[in-house]
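Heads up, the next two complexes both have chain A, just with different partners, chain B and then chain C.
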Partner chain A sequence: MRLKYILLLAAASALLAMPAAFAQTAKLETIIAPPTQAASQVAVAAKAETASTADHSKFKALQTNFKSGPQVTEACLTCHTEAAKQVQHTKHWTWESVDAKTGQKRGKKNIINNYCTSPISNEKDCMACHAGYGWKDSSFDFAVEKNVDCLICHDTTGTYRKLPGDAGHPVYERVEFPKGSGKFVEPADLKKVAQNIGLPSRSNCGSCHFFGAGGNGAKHGDLDSSLQHPGKYLDVHMDEKGLNFTCVTCHVTEKHEVSGSRYNVAAAVKGPAHLRGKTDASPAACQSCHSDKPHSGRMDILNTHTAKIACQTCHIPEYARNEIGTEASWDWSQATVMGADGKPTTRKDSAGRRAFDSKKGTWVWDSYVIPEYRWFNGDSTYKVIGDKIDPGKTVQINEIGGAPNAADSRIWPMKIHRGKQPYDKVNNYLTVQHTGGEDDTALWHNYDWQKAIGAGMKAAGLPYSGEYAFVSTEMTWPVTHMVAPEHDALSCAQCHSENGRLQNIAGVYMPARDRNRLLDLAGWTLVLLSLAGVLIHGGLRIYTSKKKEQLK
Partner chain B sequence: MSANRIYLYKRYERFWHWSQALLIITMLVTGFEVHGTYTLFGFGKAVYYHTFCAWTLLVLWAFTIFWQFTTDEWKQYIPTLKKVDAMVRYYAFGIFRNAPNPFHKTAEKKHNPLQRLAYLALLSILSPVIWGSGLFYLFYSSWAALGIDGYLSLEAVALVHTAGAFMMLVFFIAHVYLTTTGHTPTAHIKTMITGWEEEE
Partner chain C sequence: MLKAIVGFVAGVAVVLLLIYNFAGSLMFREIPSPFGVEETVARIQQNILNAGNGWSLSGLRNAAKPIEMDGGNVLPVLMIEACSTKYSGPILKDDSIRFLSNLMPCKISVYKKNDGKTYIGMMNAQLIGNLFGSMVGEIMGHVAADQAKFIVFDASKPAPAMIKGGSGGGGPAAAGAAGGC
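Now for the complex of A and B:
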């Protein structure tokens, strides 16, 4: 008899264990499938720079006391004969990006954003971030190879710096920067820099991309100087003590063309992980290494989300996850407002970030920012110089493509930067203004909007009516960096709840957020009625049986 | 007394009943959490427990269907209208007057005619509704691969599944209450545990 019970127990436990096979419960710890060897190979390749077969300090062409950037480039080109031509085809050189679908010419050269607005007429300042030398106005010759700046991307010494005002040339003489700050920037030893070149590090890319809009973290929010030496918390891939990815580990570069761009985002990548080297439209996408079904074991149910939700939505729970923060808004209408003494003034916020400057207006900063969420298919249509606007509405600097539940769209986290900036009241387009410079028309010199807009529009080749006002604008930026470790990813209920992160996202039925009110009402009424029914029936039984006992 | 004892529920049957009860209760509790009615385990865990129980119950059913047919027990669910009116009258009136239950259980006929109808409806209507919608729900990510994403919406599937859950909850309430209608309030439960029915 006892044996039978043991057998029965064994059978029962076997029965209960069987679903494990169905649910594919592998080890519970294996929550995210580690990327296939593709990723690790790339990581190795990026670190292998020290194992280079060429020691540039031994190169004859580099034994010169270089006097200028172009001189260094000429030396580089004696061996790397095609490098400048390659760079000249890229956005880093042209500041232009053509939309393959619409033919629209975007890029810094053509759009007006709601940060610094436009580099046109301000080239001397803005081109500090041009991968070239000498773009000071529209006369710049894009065909001159020696004007390509190799060092800004390939310097490994950290001494090579380009400052606003020099049209892309590095510092050649000791200079106070910012002016009046008492801080000085030393010129780099160009010979030493040239002899110590390497693959771009996070700091190389970051020298421009961390400081967009003229301030650390100001523009992107998911890119700032904290990524030079990030911990795991800030970015699970760039973690300096861990995977230590550089930018180009993901932004795989071929012929100097850096993959991955916000102008054409690979927003909805499908399919398995794959080895690099395969023809690949989107090597910078998460799926390139992780596939579109990255979760395994107990978490494989999360793969049901990948057809609707970008990886970034859960895995970047907040951006600007540090004290550096990022700009939430920039109000140009407050520029030219002077201090109490009638002189230009500045103000900082409690965290020491720029809050007001008579030159530029007011800013609002934010840290640990919860993104806004939008359906997105990777397309963006920009307001380019001369595009009409409706000043009665908030102007969208870029209209993002995508529709609720569309096959090519995913729910993406976005930084939406809000601004107020000048527009031509008669012609109804955003204006280009001449801000930087020491001349009479520069806004930051003379604090005169009329002159600044007049000069800017002239340089842009666009009529200006002479009447300007300020219009509200929004610019939408997909958030894709600062990927958090898995335990910091969003938990289910952060979206699966009535007031969760995705409360305003249309097109998807989300359990715990959505329900049919009528069904709930009918269902619970029925449940209450049956409860009441059994209680009344039971009560009556007790009552009648007691009565009978009394009768006895 | 012992002459009136009959062995009603075999060992597998009792194992099936109680493990199924546990699974269904767990799925009701976790299911309504997934639905957003309350927070108990947390959404993620609720989904996981719910899914785990669903697969477990499917396996249990596979064994049970096999058992029903090899033991001929499936015949217990053949519907009959005989004495249905008598049962209705008993539950509506007789039960309050201490009238005798018009149905006498035997090993061949364990369920009264009302029970037969109720269980048949449960097995042949409610269960397929819940299983069908539940499996579509579970394999949501494969809809596109199966080519059915154009014909189904998660909202509709969830609606059917939730409606099934409400019906299951109503069944559960009635079922638990009716266990108290034996010759003593716990008599039916004892029978379901031991297998032995003691007649009055």
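Now for the complex of A and C:
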């Protein structure tokens, strides 16, 4: 009975408190302003303030009714004579990256990734994200300067779009995209676009990097379209109403070579913040502005962490911090599975993201993802086309370098993307498959793995045994964008606890996570001895005082 | 006599301490979900719609959004609001207990914690109902029985779509390429 009254009191208190809590929630929600309109106003204002020394609409070479992208490039090159040559030395053009340490040729052209696998034999589709025109097969001439696409990075009108199937050319005629969707993409006015160019904005870079792997946020997890107009919570540097960084604020570019690459990550930068104008080996690193001892005052103890922990580990507590989410896995083994009626089908997950497609298999998505943590020194060794695999194990698409006690290694947050991919059962290597297109060997046309792999391997110049199966794969991505405000950084206890964020990180002693039995024993012995001392002392005092009373 | 009084007071203090410690966990439950946040929400919503007894969805509130708008971050917290006119009607008709409208609509929260797992939080309607007399106790008993069914999932069924879920993000790219894979 008593319990009932006490519970009643507790419940009544809770009820009294609830309206106040709800009132607070309502108040908070009324603060929310429609973000898109405000954001676009900021963007317009920012554009108006751009103080370029050149009005490109006044250039005679750009007062032409251009019919194609290459025509525009030819016009650009009349003034920017070296631009195409510079671009042709970059990964954005070659889709190739050479590891300076090992000589391994990586890049989209050479590796098989964990998503769309390989662009080989699928160039017409994949080259929607190539900074060039006309790469439709292996005959593409990388020396032709007019095939460099200036506009994909420099358009400021937001009307220039490249779609799969056009080998990197922009939309020249009104087209339905995706096919059967009832949505149409209008051709860009190339003259207008050419006359309105500028430094790359977040939207320029994001048109490919936000939509990698064929879906918004699918590939990276720390890059998606929410970064076009980000709030402070999402990225403290890119905050549209705050610092408003664009991608190139950090990814400083020289001769069109964009700094900061996942192929060569600056994982353990040391030293002070760099002065403006100073030549910098890694301008895209946090330390370039913040130094390797960024904490001051009461927080300066955190500077002792920077020899072991990357800035990103604490300051990006979760990635994909929005409803867009990111792809956690892609299982190609489910591709070609048809619906109940025997026809190709698709399915979405509860949040409306792609979950299954007879063309591509199954996907699992997640939002607000807690990273996995790894030692990382910036190096990655990739599985390139033709590399042998052990199908009995999970194939690591890229193996990251780094060790606990190495001076060049830090604990980094990672996105680990898991999947299943086809491999040649006899030759034991991952296969290249021809997916896109309308021809008879395209997987997305005839749903025949044998034909698709046969065509893909032929294009890649590799023998195919005719036998395939599926193998589990993993690809590791360092997380480095979506930096949260400082008050949202990880707290001490989130790592310094037995089941904390770094519970699986080996090779480093972490107080509260790890134990030294000898130290524990010594500590507890001291505690027990102190307790015993107090008890004995107190006992003796009581005993002697009673004795004294008896004697009196 | 003094010893008896001291013993009684000490006993009361111990009981109060125990209640203070455990009342929270008695009044609220937390259950891990085998699914992600969105799918858990969608499956609960579907169960509510299929529950009968006058249940309908009243809304889906994202408690993390106002904090994001204020420049902060919290892990996602979605609150499913559901109401049954069959159960709310009798309570709202009675002036003496109409203040219980503060508990309406019923809420089930779905959230992610730092272990990366999804959890379901809900009130112990039965226990709370019993505190307000037999009529409320009986009604809340029915509510509790229905709520227990809301969180029974059939994993063999495909994930339904979340109702009133926001798309988030900034919409399509303003310019450039569209991934085609």
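One rule holds for everything that comes next: the second predicted complex is superposed on the first by the 470 of 552 C-alpha atoms of A that agree within 3 Å, B and C clash if a C-alpha of one lies under 4 Å from a C-alpha of the other, contacts with A are read in each partner's own complex, and residues count from 1 in each chain.
Going forward, a contact is a pair of C-beta atoms (placed from the backbone, for glycine too) under 8 Å apart; a residue touches a chain by one contact, two chains touch by 3 or more.
The model shown is predicted, which means the values in this text are computed figures rather than measured ones.
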Partner with the higher number of touched chain A residues, chain C or chain B: C
Contacts of A:Cys492 with chain B and chain C, given as first, second, both or neither: first
Partner chain(s) touched by A:Thr304 [first = chain B, second = chain C, both, neither]: first
First (chain B), second (chain C), both or neither touched by A:Phe470: neither
Chain B versus chain C as contact partner of A:Asn516, first or second or both or neither: first
Overlap of chain C and chain B interfaces on chain A (superposed complexes): 8, 15, 18-19
Footprint of chain B on chain A - complex, ascending: 8, 12, 15-16, 18-19, 22-23, 298, 301, 303-304, 306-307, 491-493, 496-498, 508-509, 511-516, 519-520, 522-524, 526-527, 530-531, 533-534, 537-538, 540-541, 544-545, 548
Interfacial residue positions of chain B with respect to chain A in the complex: 11, 15, 19, 33-36, 39, 42-44, 47-48, 51-52, 55-56, 58-60, 63, 91, 95-98, 140-141, 144, 153-155, 158-159, 162-163, 165-166, 169-170, 173-174, 177, 180-181
In the complex, chain C residues that touch chain A: 15-16, 19, 23, 26-27, 36-39, 41-43, 61, 63, 65-73, 75-76, 99-100, 102-103, 112, 114-116, 127-128, 130-132, 158-162, 165-181
Parts of chain A lying in touch with chain C, wherever the complex brings them together: 2-4, 6-8, 10-11, 14-15, 18-19, 25, 28-29, 31-32, 36, 39, 115-116, 122, 125-126, 128-129, 152, 155, 157-165, 177, 203-204, 206-208, 210-218, 224-234, 239, 317-318, 321-324, 347-352, 355, 360, 365-370, 435-436, 484-485, 487-488, 494, 499, 501
